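Chain nomenclature is as follows: A, B, C, D and E, assigned in order of appearance, with residue numbering initiated at 1 for each chain independently.
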Amino acid sequence: MLTSKEKEQIIRSSGADVTKCMRCGKCSGACPSYDEMEYHPHQFVYFVEKDQIEKLLNSPSIYKCLGCSVCSERCPRDVGPSKIVEAVLAMAVRRQDENHLKAENIPGMVEDDTPGQLLVSAFRKYKK
Amino acid sequence: MQEVMKKRAKELLASGEVTRVIGWKKNEFDYDITPAVFETAEAIDRDFVYDDFCGPNLSKFTFQHQKNDTKTLVFLKPCDTYSMTQMVTEHRVNRDALYIIGIPCFGKIDIEKIKADGMTGILSVTSEGADVKVHTLYGDKTYVKIDVMAERCLACKSKYHTIYDELIGEEGEVMETDRFDQVKELEAMTPDQRFEFWRGELSRCIRCNACRNACPACTCESCVFDNPESGIAQKAAADSFEENMFHIIRAFHVAGRCTDCGECSRVCPQHIPLHLLNRKFISDINGYYGEYQAGEEVGQRAPLVNFTKEDVEPDVVAKGGK
Amino acid sequence: MSMNEFKPKIVAFCCNWCSYAGADLAGTNRLNYPADVKIIRVPCSCRVNPMFILRAFQRGADGVILCGCHPGDCHYTTGNYYARRRMTMLFSMLDYLGIEKERTRVEWVSAAEGAKFAAVMNDFVKTVTELGENKRLEDLRCKK
Amino acid sequence: MTFSYYPGCTLKTKAKELDAYARRSAEALGITLAELPDWQCCGGVYNNTKDEIATKLSSVRALISAKEQGNKLVTLCSACHNVIKRTKNEIETNDDMAFRVSNYMQCDARKDSDTEVVHFFELLRDTVGFDELKKKVVNPLTGRKIAAYYGCLLLRPGKVLQFDNPENPKIMEDFIRALGATPVIYPMRNECCGGYIAIESSEAARKNSAAIYESAEGFGADCMITACPLCRYNLIKAESTVPVVYFTELLAEALGVK
Amino acid sequence: MQKIGVFVCHCGTNIAGTVDVKAVAEALGKEPGVVFSTEYQYMCSEAGQNLIKDAIKNYGLTGIVVCSCSPRMHEATFRKTAAAAGLNSYMVEIANIREQCSWIHKDVKVATEKAIVLGRTAIAKVALNTPLTASETPVVKRALVIGGGIAGIQTALDIADAGYEVDLVEKEPTIGGKMAQIDKTFPTLDCAACILTPKMVDCAQNEKIHIYAYSEVESVKGFVGNFNVTIKKKARFVDETKCTGCGICTEKCPMKKTPNLFNLGLDNRSAIYIPFAQAIPKIATIDADYCNMLKNGKCGVCSKVCAAGAIDYKQQDQYIEQQYGAIVVATGFNPIKLDNYSEFAYNESPDVVTSLELERLMNAAGPNGGTLLRPSDKTHPHTIVFVQCVGSRDTTDCGKPYCSKICCMYTAKHAMLIRDKYPDTEVYVFYMDVRTPGKNFDEFYRRAVEDYGVHYIKGMVGKVMPQPDGKLLVRGSDLLTDEQLKIEADMVVLAAAIEPDKTARPLATMLTASMDTNDFFTEAHPKLRPVESPTAGIFLSGVCQGPKDIPETVAQASAAAAKVIGLLAKPALKSNPCTAHSDENLCNGCSSCERVCPYGAISYVDKEFRMPDRTTKVRRVASVNPAVCQGCGACTVACPSGAMDLSGFSNKQIMAEVDAICR
């Protein structure tokens, strides 16, 4: 089976070895954002292995990951699902014509007490 | 430095801690230095020397002149300590009968480089810091030390002592070197070029055995090349095959045990760069089995008497190496 | 001597427990490989001293192949692991000296791999035949 | 003892208390915090991808700058700590990254950014020592039941941050004990507050944060401490029924410099 | 002067069909040293063998070469033939002209030429052969079994049954091992104690078995047939010969707050104790860490109440030396420590337990008398969650990379037993895979699901969160429904990975037996010699070699016993004479050979040598124990000076073969 450029890019950029996954599902058992997500951490790993990157790229799930790394921390095979989610997110953000987070929308989201850290982080995650 | 060493040697002799001292002594010329055993304070005062020509690795000399029933003081430069450590690991010297003083080394001068510059009638050579003053029948000349330093010292791997009872001077560090550059150059050649290169070098071999005699890893009770029972005994290199054979087997026998002290090339009267054979093995071992420095600590397991289940397959060579 | 007529001399060192048995199996199954290959039985691939290999070239061999149990399956548990390192080093040195690296080879052949043994020998003989006579590691005194 | 200090942008704006109380406490403990000249924002989150370099450069600059000062680099904000420490680790372990950073910054990345990064908690534990800290407390917080909220950024990835056992940490509890208060141990202390998704999915973030303070409250906490402005923000936005303060505030209070 | 005979076999047409055997015999007859050369239809037939015997006698042959089938086929035959004619059986070489010649070549000319080369190669070798004699060493008719669990017990019983003396060493005060702690056994659900304790009693009553309980192996020297072992008998502070096991002391001992290790610390016992009612030997032991008399010199209650006067506070460790012909390792396993898995709250909540702890909680002799109660508040649990693979199949450095093999089945057993006894308790099992290869195993697991209504969930628990009300909130994934489950449980049971006992590695060093990276003992061959260590005379029984359940352990235990009996039954050990030997005059004593020897056959001695100048010099030289050496030859190449050589495959022989081929 030929490997797509996308899959290669995800593997390279995440540094994760998806073939090590033994499908235990501990990542998804640990994920605090599970209920918000369409695809769950173990599916990110599995879809990358099965080269179904588009599904992930087009899913809102990539914006629901908290980046808390708990899935990777508890992964018994050192696969690191969070690294994959992040690589997919980066790919989505890099390929979109427009960034996921648009500058003009920001004022509506910000309140007086919003810490700079939140804005910067969200920008980092969602913008090119 | 030399005076400090002499003083300490005499102290140890006087106290009875040691009965013999192994060091260097000057011969007819300043640059003609040989290892020597000193047994009296007078001999030390008269002949003991430590300067920029004290290249010989005293470890092998110590092996050849060791005595079990009495304690011997030996002065070791950093690179000599690696050889000594390797010999201790292999039980070739009796550590208990040695008192080792580690001494610093700032690189040794290769007289051949001075001679190659056309200097003849050399009367004396003195070095102070970075200057090397050559006094000849026909006048004096001053060199920058680095220009006349031995090749092996230019690629010095370590100023650190791996074995000693006491140190004179400050402890140095393991150095980063480009010592594998020449190996890499050779590796980059075509096989034909390499074959020509080595034929050119090895065909000069006169089988004087100087390399073997100086090598601190060659301490066999009887060398396979001298043993008629071994099936490969040779007295002279009668054929190009035997020139190759001798050097391949010698490199193989010291592979993983050679500390890269460079004595083989230093003593070769034909100036064959023998160290490049040993360095090839060191570079391969580092590349294939992980960084390994022979003589780093006592009790190390040499790479060729070791393995991992994941080692590379020999066809790595056919596939073009590391 | 033209290429077509050149018959190489091949020495094959085979460990008693796997590869020698694999060679026997090739025979039992009547799998053909060139008669240029002559086998020397050794207890284990780790018995093979680089001296033997050099000796073979000296005496006129054109190729030397060492066969042993697959790593992990050694009858003596670890012998082939040592052989693997030794041969890697030796081959690397021969290559470094400009001697054709195709003249030496290590293959792991189990007692069940008769077909592999025959295939390996066919391939090795072909490779060495294409290389021609061993000139770089010959000893003229030993040539008739 | 002098440490180079990286405050981070939020400590200059919305989380001034975190910074101010830390400085006062440090002074009381005989520690000098030398703020790095010209530090730049760490970016708030570490970009986990192996091929991303631009977002890591501000951390590299901070590391180099501290190295030039010859000090260890101390951080306060969990996010800054996470970003800088992981950047350093990436340079140490990823040849490609080290090479590219070296090229970009015209330096020897591995050598020049080889700065030890410590969080203020680690400074308290390893340099000051909790036993010593206890001796310097003038207003012991006796009787107070305080829940340590670690969040993610101080603990994970555990192998890189080496801060504490990521599943069962104790450094903040030891800190609380040193101040004379009683630590409240509750299972949600290392769970995520919702982080930056608060900007788009504030409801989701609030759900996460609510679960955390409810757990702390259930185990009897009367106060929660954190080192992260974003954690504090999310908890407060989720209408935490338990007050949430920066740990430095508690420290300053105990040391009598509030 | 060599007198070599050559015998070319036709093997019917197998050889003669492609090889001109007459031409071969003729050509080889002209080789130097050959005095007789002939061919015959079937050399291996009686007539063929007689031909060889006659030739040996008539021509006074010093060596023979048989050109025939593979030596793997008939080398042994022709060696016997030679021996029958008075020629040393190692003066025989075979040229393989069937499998490696006639069968693979079609051209008669080519095959004949090759057969001649193979023949002369064998001649060149046999000319350098030396007569070899297999050395014989006597076998001590006594076996040592290390570890008194079910593996060690079974091995000891089987060896004793064959009439040999067996010493059984157990580090705990009683034999029985892990099986004694288990409640019921899968897949039959019979009670572990009911099937184990009779075997323990058999051990105690068997005259051939000597149990050294509360003892450890201190040192091992020697080699197969002749091991010299020192056993340390740890001080129990109770005289074994006097104690009757009445148990009065344990009742009267005031130190009642000593953790009961047999119950895994789930309850307490007294400082003087008998681990459990059926302990063998049933002798009290004082726990020196808790006994007030031993710690502070105050108390002495047990001594006062002991009618037999068995208490001895001054007892010292004793050392016993004994010789053995064979040693069986049966050191067993332990569940791993769960410190690396704090997400499961094992250290935070007493209601999170390991499966082995659950065995004790459910056992009639356990802390709750067999009623399953939560450890925290002794209430009846209504929801229990089992987590599989805790620390197994974990390739990070937290756990173990292997499958612990037994957990799937014992968890099915636990789930079934709980559902059977407490139908109101819901049982959830989070699994990665359910692995049930074994007779009646999958049926057993299916029964748990189908008949007992155990909820099996394909997924893993991510976190266990103790709640203020004492419940345990379990968050885990259900991969098949693609949901994250949050279950409020009363108890969580962790199937902790198993690992070899910590005593195994130092023991392996003593035995020079090899181990893998997980500290399991390595077998001599993974398929064909699974109960032997590569080190001769060392045998493996039970989990020390790899995870296995009770039936497998017992099978392996008996297999190991059979191997031991086979060894002890021999009057003497005949060893392969093709072993390495070192030329002391050449040996450097550098230890290279020792490092590559897989059998620990090489040791070093200091030896005095006379020098040419009449002085003497003491040098360290290698010495090979021929009883241990298996003849691989690794040492011969590691030796830089060429001091080490291998009989039967010497450097000279191999080089002569090389020369003959290349000639």
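By our rule, contacts are C-beta pairs under 8 Å (C-beta built on N, C-alpha and C of every residue); 3 or more make two chains touch, one makes a residue touch a chain.
Quick caveat: nothing in here was measured; it's all calculated off a predicted structure.
Colleague: Quick one: remove chain B in your head and tell me the pieces the remaining chains form.
Modeller: Leaving out chain B in thought, the network of contacts stays intact as one piece.
Colleague: Greatest Cα-centroid separation from chain B: which chain?
Modeller: So the farthest one, by centre of C-alpha atoms, is A.
Colleague: Taking each chain's centre as the mean of its CA atoms, which one is most distant from chain C?
Modeller: Of all the other chains, the one whose centre lies farthest from chain C is D.
Colleague: What's the distance between the Cα centroids of chain C and chain E, rounded to whole Å?
Modeller: 35
Colleague: Cα centroid separation between chain A and chain D, in whole Å?
Modeller: One centre to the other, that is 24 Å.
Colleague: Distance from the CA centroid of chain A to that of chain E, rounded to the nearest Å?
Modeller: The computed centroid separation for chain A versus chain E comes out at 48 Å.
Colleague: Provide the list of chain D residues touching at least two other chains, using ranges where the numbers run on.
Modeller: Each of 167 in chain D touches at least two other chains.
Colleague: What positions in chain B touch 2 or more of the other chains?
Modeller: Residues 224, 231, 304-306 of chain B each touch two or more of the other chains.
Colleague: Could you tell me which residues belong to chain C and also touch two or more other chains?
Modeller: 50-51, 55, 78, 82, 86
Colleague: All pairs of touching chains?
Modeller: Touching chain pairs, listed by label, are A-D, A-E, B-C, B-E, C-E, D-E.
Colleague: Write out the stretch or stretches of chain E touching chain B in their complex.
Modeller: 585-592, 595-596, 604, 618-620, 638, 640-643, 651-652, 655
Colleague: In their shared complex, at which residues does chain B touch chain E?
Modeller: On the chain B side, the touching residues are 68, 89-92, 219-224, 227, 229-231, 253-254, 301-302, 304-306.
Colleague: Quick check: in the complex, which residue numbers of chain D touch chain A?
Modeller: 8-10, 13-15, 41, 43-45, 47-52, 55, 77, 79, 94, 152, 155-158, 166-167, 190-192, 194-201, 204, 208, 229-230, 233, 236
Colleague: What does chain E use to touch chain D in their complex?
Modeller: 341-343, 345, 347-348, 463-468, 473
Colleague: Mind pulling up the chain D residues that touch chain E in the complex?
Modeller: Chain D reaches chain E through residues 165, 167-168, 185, 187-188, 215, 218-220.
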